[in-house]
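Listed below are the structures to be examined.
Consider the two complexes below, in which subunit A is the common component and subunit B and subunit C are the respective partners.
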Partner chain A sequence: MIQSLRLLIPALALVVVALIPVFAPTTQVLLTLALAKSLAVLGVIVLLQAGQVSFGHALYFAVAAYTATFVGKVMGGGEIVVTLLAGAVAAGTVSVVVGLFVTRYRHIFFGMLNLALSMIFFSFLEKFYFVTGGSDGLSVARPTVIGLSLERGPFEAVLFYGSLGLVAAALFLTDRFLHSSIGQMMRAIKTNEVRLEYLGISARHVLLIGYVVSAVLCGLGGALMATAQGIVTPEYAWWIRSGEFVFIAILGGAGSIGGAVAGALIYESVRTYAAAFAADIWQMVLGFILLVIILFAPKGIMGIFQGLQPRAGSSRTRGGTKVEPAE
Partner chain B sequence: MTERPLLETRHLAISFGGVTAASGINISIYGNRRLAIIGPNGAGKTTFLNLCTGYLKPHSGQIFFDGKDVTRVEPRLLVRRGVARAFQIPQLFTEHTVMENMLLAGAAASRRMSPFLPMTRIPERKDVQHILEMVKCEHLSDRPVAELPEGQRKLVDIALALALKPKLLFMDEPTSGVASSEKFEVLEIIAGALDMAGVTSVFVEHDMGIVERFADEVAVWNRGEVLFRGSPQDVLAHPDVMRDVIGEDA
Partner chain C sequence: MNATLFALALFDGISYAALVFLVAVGLTLIFGVLRVLNVAHGSFYALGAYTTASIGSAIFAASFAPWLAFPLMLIAAIGVGILVGGPIEKLLLSRIYEMEDVLQILVTFAVFMILEDAQRLIWGVQPLFEATALNALGTIEVLGITYTVYQLIFLPIVAVAVLVALRVGLRRTLTGRLITAVTEDREAATSIGIDAEKVYLITFMVGASLAAFGGALASATTSVVPGMGADMIVLSFAVVATAGLGNIEGAALTALLIGLGRSFAVYLWPEVEVLVPYLIMLFVLLVRPQGLFGMPDARKI
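On to the complex of A and B.
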């Protein structure tokens, strides 16, 4: 019963999000962009399980966005399934190489090394303008959808619902991953890396797997964002973009994967409407919200939400076993 | 003795600055026994454990486990060969429950890395449940380890090591931090579990009552050297041990 409730609430939330454009069609593009970003934030949340914060995950966002763009160009527009996949694979491949290096480090060193590498890629995108279009970036041709060429209107609708499906699948698979032994070993890195080694497990190996998973999620988000925006610029790899992912993760609730979507939707809404109605102070509004969250709701929006839920006695379930209240 | 030692060290030496923590230790540890290591503070007891479990690398000398040279083998690879360790301060995963800690150990032991099989449903669950019963902690399964008293944390720490199905277990002061009234009870449970699992053990201990009751053999450490080795009765009756280790005049 409680297990099915656990699935019911996210399912209801997805239905609500799916219905928003029906009543407010102008929000469709905004929501698609928020969903794309939520995939990247999900990637950041995966790493946060191991207690590691990356301030450079925009690297994978940009690698995938540019790869999707180039693949699209080579294919003369391209097919969305192929471009998204190519983006995710490229992000995953780069993350294996980078991960072998950065997973030797923890905490601030881990965070700053990621930042440094993403800024190297940012400079590369700016300087090699004859390939990357420099700071003007590249335009992304509208891809076909399973072979069909769609007009702008239907394409945006398909992209929105497709993104929603993709995010739902990503949430489900990430949830399964985090509850598996290897996902739990990621959490064990946060609390006791020494003991993990004394169980015969390489913490670096575990962190590398988590790092690649997180990069692939970020990559999917980046490729989707490029397709939705129709343009890629070096700004995709900028450190502020990485910071934004971490910001949204904290806003939504770093301990819960649903926080990625809740955080991204609220962040994008606040950003868009604050920019429209308070153009000069919208960053201040966001900063103030983050302060309030950190001070009063350190578990983010998801934490507030979970706090509001009735506690069915105190018998929570953990993977099917009943948890007795502490004596 | 023709029996091959499970673990053997030859001329094991290490020093930290001017302090010699191991100066040519030669010791053989044989199977199916409990060896207690005693000695004053700073004698190098924990250093010996750190050397044998790969945490420290000796400056010279060799360590053989099961007849193979393991001197520079990493801790996690030594674990896979059958050398486990329990810690003076229990090393647990503090955001997990007792059962989740055990399942982590169970998954680690069989290197179960399938990314979509929930940890709570891994086939090793039965094994680790049995080990929790062996250390009499089965009723604590769903309790977060962070809220357990020290004695139970010690037992879970040892249960984690036993879940790896080791051949040899090193324990650093298994009863330190445990209330004196519970020390015997805790060690009784540990000894029972070790016997049931058929694991050879080496433990550092300060409480001579415990040593006398639970050790098959005692080795006395002083200034990075093994001074004596023998049965608990012989060693504890030795006047030098009484004076240097226990601090009583013979």
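On to the complex of A and C.
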């Protein structure tokens, strides 16, 4: 019963999202971008389980996006399965090297070092324009899908439903990961790292694994974003973008992986419509929303949603649906 | 690199470091006392610059004396610190001291986003330029280079004066000693009757004023544009983290190090100019995780 409910609600939510473009076709691209971002946010949430926040995860977003673009260029258009994989692998590889040293640090230093590295990559993208196209960025050719070249319309549809499938798979696997023993150890880093070490477990090693998982998720999101937008710019690596991922994670609810998708969908919608109706103040609107969430609903949208459910339901979910942040 | 270029890089670096120091020292002071990394600090810098430039343009257009530019900077900085910084601490930050650091940083990030748009609403996106203070002091020739007195002499003197004032102020005055006591141990300070909340408020206003003062001084040397706050905040983070969080003298030396590193890079290898602060920070934190002048934290079990 509990097991089936655990799967039923997310499955229903995915079906609802899948049906939106059928009734409102103009939202399809917006939703695809939101789904791409939600993968990156999922990566940030994985690290938040260990109580660490990275202000530079846009690094992996950008590394994967540029890798996917270059692979596509070399292959003369490219195959989407290959470009996405290449992006994720590149992000994973970079994160192993970077992770080996940033996992020595915690809290603000962890966040700041990640920020520094992403800004270095940002400057590299801007300055070495003969490779990266500078601040104009590079255009991304439309890749083939399992060997088929599609027209724009069908391609966007395939991309949307493909992203949805990818997000569903990523949510399931991340949930499994966070419930595995490594996932439990990550939460132990947040509660009390020294005790974890006394059990004979290397906290750095655990954090490194979590770091690589989160970077691969971010990378997948970046590669998907580049394909959906058709252009990559250095802005992919900018610190505001890293901040945006953390923002969405808190908006959705940092303790819950479903919050990544809910947060990203709401964030992108607010941003798009606020930018249309109030172009000058959309940042201000987002800032106020963030303040309200942190001060009055620290568990984010998912927390509000759970609060609305009847008592019996909430005691049931405590059985394990949600990854509660360990206080 | 010949002697002239060397001297130019040196002068650029020193005047730039003076500005960066003012912003970074405010950031490190706030962190030392409140234990909050204030992302909105860059906004205070930008607000200081905008306020000074816009009021300056108005009063000098009405042909007031140019020397008024200097008191104007001070007044604008203190005004921004009290009128903008004060309410932010009182209404917002005072509610979040018990939260995780992630949430605290995000609250200041939200304030930063709000203030960025507020600037755009008030002053628009056109660059402002107001160099009365720069022109009032004229130029000087050193080692065959003509440089502005404002940048070469005035800015470093102000930075050193602020450093000395902070040191003396924190050790000799009552308020300063109260601030030091709260920094050292908040609970113990509260138990002997120190009003920690008031200390937090004063520290935040002083820190915000310092950032705004940096912006006010910078407004004479460069055009005031949207986004200037964002650039400055990342740079001053780098300075503060390299020096060791909460360390005032360290911030001065590191600002000089990063300022000089950056200006020499401009002449030697312009592509990496923006990278220099981050490279220095990365290298220092690799070798000394607590920063150049920081103390390692005791581990809690």
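One rule holds for everything that comes next: the second predicted complex is superposed on the first by the 312 of 327 C-alpha atoms of A that agree within 3 Å, B and C clash if a C-alpha of one lies under 4 Å from a C-alpha of the other, contacts with A are read in each partner's own complex, and residues count from 1 in each chain.
As a convention for this text, a residue touches a chain if its C-beta (ideal position, glycine included) is under 8 Å from a C-beta of that chain, and two chains touch if they have at least 3 such contacts.
Please read these numbers as outputs of a predicted model, since none were measured by experiment.
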{"item": "Which superposed partner A:Leu173 touches (first subunit B, second subunit C, both, neither)", "value": "first"}
{"item": "Which of subunit B and subunit C A:Ser181 touches, first, second, both or neither", "value": "first"}
{"item": "Broader residue contact with subunit A after superposition on the shared chain, subunit B or subunit C", "value": "C"}
{"item": "Touched partner set for A:Thr191, first subunit B, second subunit C, both or neither", "value": "first"}
{"item": "Subunit B versus subunit C as contact partner of A:Gly200, first or second or both or neither", "value": "first"}
{"item": "Shared subunit A surface residues [contacts with subunit B and with subunit C]", "value": "192, 194-195"}
{"item": "Subunit A-facing residues of subunit C, complex", "value": "37, 92, 95-96, 99-103, 105-107, 109-114, 116-118, 120-121, 230, 234, 237-238, 241, 245, 271-272, 274-275, 278-279, 281-282, 285-286, 289, 299-301"}
{"item": "Residue ranges of subunit A in contact with subunit B within the complex", "value": "173, 176-177, 179-185, 187-188, 190-192, 194-202, 209, 318-324, 326"}
{"item": "Residues of subunit B touching subunit A in the complex", "value": "53, 74-77, 79-80, 84-85, 87, 91-97, 99-100, 103-105, 107-109, 111-122, 141-144, 147, 160-161, 164"}
{"item": "Subunit C contact footprint on subunit A (complex, rising order)", "value": "48, 51, 53, 55, 101, 104-105, 107-109, 111-113, 115-117, 119-120, 123-124, 127-128, 192, 194-195, 239-240, 243, 246-247, 250, 254, 280-284, 286-288, 290-291, 294-295, 298"}
